[in-house]
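Multiple structures are listed underneath, in C-alpha cells.
Here come two complexes built around subunit A, the first alongside subunit B, the second alongside subunit C.
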Partner chain A sequence: MFKGDLFLEAIGPVASAALVTVQLTLAAGAISLLAGALAASAQVGGGFFGAFVSRAYVSLMRGTPLYVQLLVVYFGLAFAGLSGQAFLAAALAIGINSGAYSAEILRGAIAAIPPGQIEAAQAIGMSRWRIWQRVVLPQAFISSLPPLTAELTIVLKSTPLASVVAVTEMTYTGVLIQARNFSAIEVFAVVAVGYIALAQVLLRGSRSLERRFRLLRG
Partner chain B sequence: MIGDAGAATPLIRADAISKMFADRWVVDRVSFEVARGEVVCVLGPSGSGKSTMLRCLNWLAPPTAGAIYLAGERLGVHDVAGVEKPLPTRLVRAQRARFGMVFQQFNLWPHRTALQNVMEGLIIVRGLARGEAEARAEAVLSRVGLAARQDAYPAQLSGGQQQRVAIARALAMEPEILLFDEPTSALDPELVGEVLAVMRDLAARDVTMIVVTHEMGFAREVADRVLFMDEGRLVEEAPPGQFFSAPSSARAQRFLDRLLAQNGR
Partner chain C sequence: MHDTLAVFIEYGPQFLDGLAETIWLTLLGALCALAAAVVLQAAAASPWRPLRALVRLYTELILGLPILVLLYGIYFVAPSFGLRLSAVAAGILTLTLYYSPYMAEAIRAAIAAIPAGQVEAGNAIGFGWFAVARRIVLPQAAAIALPALVGLLIGLAKDTAILSIISVKELSYITKQVVSRTFMPFEVWAGVALIYWVCLTALEVAMRRLERHLTRHRRAVS
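Up next is the complex of A and B:
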C-alpha cells in the first residue's frame, strides 16, 4: 500500500537534499564545460601532442565506468592528502567524465565555424588565442547549447552515484529515509519527482537561452 | 616606418611574388607598385589568381617566393645576420594590421552586433578603452551610412548592409591600405550599388585601395590603374581608359569580348 503520510514526510528532507544535487550538478557541469573546451581546443589547435592527449582523455573517460572513475578520484584525492572530500571528488569525477562528451560536442561545433570568420579576425591582426577566445569558442558554445543541455541533464542524472562516497544528495537521502521507515515506494516517488522538476528547470533555462541567442546564429 | 624614403617610395611594392598550391603556381611572378592614394582594380577571369595574390599581400596566404614591401618595409621576412628568416608571428600580425581587408562573404561575426564587430579590433588589437572604441566605431558606421543599424546583429542586416559594416570594421583600424576581395560578388544585384557608393566615397577621399572585382563599371570609373591577371600572371597593367578601349594583350581582349557578349556593357 502507498502510504500518503510517508510520502509527505519525505518531501522536506528530499527537498533540502535537492540543493546538494543542484550544487553537484552545477559544479560538475562547470567542470565538464571547462574540460570539454580544453579538450576540444587541444584536439583542433593543440598540435600533435595536444590532439593525442585529448583523444586519450576522451577514450579513457568513455571506456571506463563512471563508478570506477569516482572511486579512483575519491581515493586519489585521499592519497594526495585530501581525504574525506566526497563532494569535491564527486564533482570532479562526474565533471571530468562528462567533459569527454562535451569535448566531442564542442569539437563538432568548432569545425562548423566558417573559416572566413577566422580570416576576418586574422586580417585585423588578432592573435590565435584572441581569435579562439573571442570568435571561435563563444560561437561554438552558442551553437552547441541544445546538445550541451542534454549533456547537463545526463550530469544531473549521474549525481546519485555520489552516494557511493556518501554525499547526501537526493537519492542518498532517500536511501537513508527508506532504511529508517521501510517506505521505499513513497520515498523514491518523491525523489523521482525531484529529478523531473530539476530537469524541467534545466530544459526551460536552456530554451530561453536558445531563444536569446537565436539571432546570433549566422 | 623603417626604410621609408619619403613620398617617392610606393606604398606597396610587389616584387615577383608567387604562390604555389598543390604543385601549381596559382600566382606566378607578379610584380607591381601602388602609390599612396591610388585605386587599383585587379581584373581577370575566375581562377586567375587575383584573390590569392591579394591574400599574399597581407600575409593571409604567405607567398611561396618573391618580396612585398609596405612603405618600404619588407613584409613577413627579416634579416638575421645576413640570412632571411620568417618574421615572428607577433610582428607578422602587426604588419598585417596595417592592411584592411574586405571579403566576398563579408565574414562578420554573427554573435556580435554591427557596432561590436567594428569595435572588436579597436579593443582587442589596438587596446583602446571601451568608450573610445565605441565612439570611433559609431563614427565609422555613420560614414558608411549605418548609424541607425549599429545595434543590429549581422543576421538582421541585408547583404549590402553587412558588407558596409565589414568595410567599417576594416576602416576603423585606420589601415594604410584597403584590400577588397570581390566585395560585391556575393550580393544581390540591387544591393551592389550601395557598397560601390561607399567604395567610391573612399576613393574620393584618397584612401589607397586594391580592389579585386568583376564590376567593370566601377573599375572604369574609379580605378587609377587596372591590373589584368590570367593564369596566375600579371598580363597587363594600364589606365582604365586604355585597358577598356584598347587592351594590348590578346587575352585581355578575349576577356573583355566575353564580358561584352555576356551583359552588353
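Up next is the complex of A and C:
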C-alpha cells in the first residue's frame, strides 16, 4: 500500500518546491506587516476618514474567503494588464488578507503604550512623526512580536491556496506528482511533513527572536 | 458595471443555489466538527494514557497542517483505501477533521474556567453528575467558549469556498462556471466577494447577539 520508492522519489521535487513556499511566505509576511502597520496607523491617528477606510479594509478581509480574494486579485491584476502573474497575485492576496489580522494585533499593541510616554515625548519637543517613529512603533512591534509570528505561521498555512492559480509551491507540486504516479499517500505524506517541518522552523525562530528582543526591552 | 449586474441577474438562481449549498455545508460541517470536538475533548480527559497521547498527536498534526493539504490528502488518498467518497462527503470530512481540535481546545479552556468549588458545591447540595453539568458547568462554559467558537465558525464558513476545488457545487464553484461562460472573471469574483461579505457579516452580527444573550447574567450582576 505505502510504496517506499515513491515516497523517496517525491522528496526531491517537494523539497525544491518548499523553497517557493518559503519565498511566498516571506513575501506575503512582509506585505502583511506593511499593510497591517498602515491600517493600524490609519485607525489610531488617521482621523475620521482614515479610521473608516481602515475599518472597512479589516472587515472586508475578514469577511470574505481568502480563496475568493486570491481570485479577485489574480483577475484584477489581469484586468490591469498584468496577466499570468500567479506568484505576485498569491503573495499580494495572502499578504493583504493577513494584513487585516496584523493590523488588529498592532492596534492593540499601540493602544497598550502608556500615554505618559507620548506626552513626555511631546514635552521634549518631538514632532508627531518622530514620536510615531521613535516611541510608538518600535515598542508596538516588540510587544506584538509573539502574535505576529503566530500570524506568520497562519500565512505559511495559507500558501497552499496559491496552487489554485498554479504556483508550483509544495502542495501543487504534490498534486502534480500524484497525478503522474498515482502515489497519493506517499506524496501527501512528504508534503505534510514539509509543512510541519517549516512550521517548527518558524516556531523556533520566533522563540529566539522573542528572547533577543526581551533582552533589549530589559 | 451595468454588464456585471446583468450577469448577476441572469445567473441569479444558480448563485442562490450555490449560496444555499454553502450555508448547508457550513451548518453540517460546524455540527460535525462540534460533535467530533466533544468526543476529542472527552478522549483527552480519559484516564487511559495511550488514548490521551493519541489525541495530543492528532491535535499537533492538524495544527501544523494547512487545510488544503488535508482536503487534497483526503480526496486523493481515500480511493486507495477503497473508500469512494463523494465530493461533499470528502469536504465535510475535511472540515470536521480540521476544525474539531480547535473547537475541542475552546471547549476545554471554557470548562477549565469554571471554578472546581462550584462543582463541589453542586455535589454537596445533592446534584448528580448530569445536573451539575447541565445547571452549573454548561451554561457558564457555553458563554465562555462562544467567542472562540464563533471565530471558528466564521473560519469554517470561509473555508467552504475551497471545497469548490474538488467540485462541491457551492457558491465558489458556481462562480467558476459563470466565469467560464461570461468571460468577466474580475467583475464576477468581486461581486461574489461582496455576497460572501454580506452573509458572513450578518452571521457575525447574529452570533454577537447570541453572545450578549448568553452573557446577560454578567450584566445583571454588575
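Definition applied: the second predicted complex is superposed on the first by the 214 of 218 C-alpha atoms of A that agree within 3 Å, B and C clash if a C-alpha of one lies under 4 Å from a C-alpha of the other, contacts with A are read in each partner's own complex, and residues count from 1 in each chain.
Keep this in mind: a residue touches a chain if its C-beta (ideal position, glycine included) is under 8 Å from a C-beta of that chain, and two chains touch if they have at least 3 such contacts.
Given the structure is predicted, the values throughout are model-derived calculations rather than measurements.
Engineer: For the overlay on subunit A, clash or fit between subunit B and subunit C?
Structural biologist: On the shared subunit A, the partners fit.
Engineer: A:Ile124 contacts which: subunit B (first), subunit C (second), both, neither?
Structural biologist: A:Ile124 contacts subunit B only, not subunit C.
Engineer: Vertex at subunit A, arms to subunit B and subunit C: angle between C-alpha centres to the nearest 10°?
Structural biologist: 110
Engineer: Using the superposition on chain A described above, determine whether A:Arg134 touches subunit B (first), subunit C (second), both, or neither.
Structural biologist: Touch partner of A:Arg134: subunit B, not subunit C.
Engineer: In the overlay, answer first, second, both or neither for which of subunit B and subunit C A:Ile196 touches.
Structural biologist: Touch status of A:Ile196: second partner only.
Engineer: Quick check on the superposed pair: does A:Pro114 touch subunit B, subunit C, both, or neither? Answer first, second, both or neither.
Structural biologist: Once the two structures are laid over each other on A, A:Pro114 reaches subunit B alone.
Engineer: So in the superposed three-chain picture, is A:Ala78 touching just subunit B, just subunit C, both, or none of them (first/second/both/neither)?
Structural biologist: Only subunit C is touched by A:Ala78; subunit B is not.
Engineer: Examine A:Ile142 and indicate which partner it touches, taking first as subunit B and second as subunit C; both and neither are also allowed.
Structural biologist: first
Engineer: When both complexes are superposed, which of subunit B and subunit C contacts more residues belonging to subunit A?
Structural biologist: C
Engineer: Of the partners subunit B and subunit C, which touch A:Lys3 in the superposed model: first, second, both, neither?
Structural biologist: Touch partners of A:Lys3: none, neither subunit B nor subunit C.
Engineer: A:Arg204 in the overlay: touching subunit B, subunit C, both, or neither? Say first, second, both or neither.
Structural biologist: neither
Engineer: So after superposition, what is the minimum Cα distance from subunit B to subunit C, given in Å?
Structural biologist: So the smallest C-alpha gap separating subunit B from subunit C comes to 26 Å.
Engineer: Quick check: in the complex, which residue numbers of subunit B touch subunit A?
Structural biologist: Touching subunit A from subunit B are residues 58, 60, 89-90, 93-94, 96-97, 99-101, 103, 105, 107-111, 120-121, 124-125, 153-156, 166, 169-170, 173.
Engineer: Inside the complex, what are the residues of subunit A that reach subunit B?
Structural biologist: Those in contact with subunit B are residues 114, 116-117, 119-128, 130, 134-135, 138-139, 142, 213, 215-218.
Engineer: What residues on subunit A touch subunit C, complex-wise?
Structural biologist: Residue positions touching the partner: 1, 59-60, 62-69, 71-72, 75-76, 78-79, 156-161, 163-164, 171, 174-175, 178, 184-185, 188, 191-192, 195-196, 199-200.
Engineer: Taking the complex as given, what residues does subunit C use to touch subunit A?
Structural biologist: The touching residues are 61, 64-69, 72-73, 76-77, 79-80, 154, 158-162, 164-165, 172, 175, 185-186, 189-190, 192-193, 196-197, 200-201, 204.
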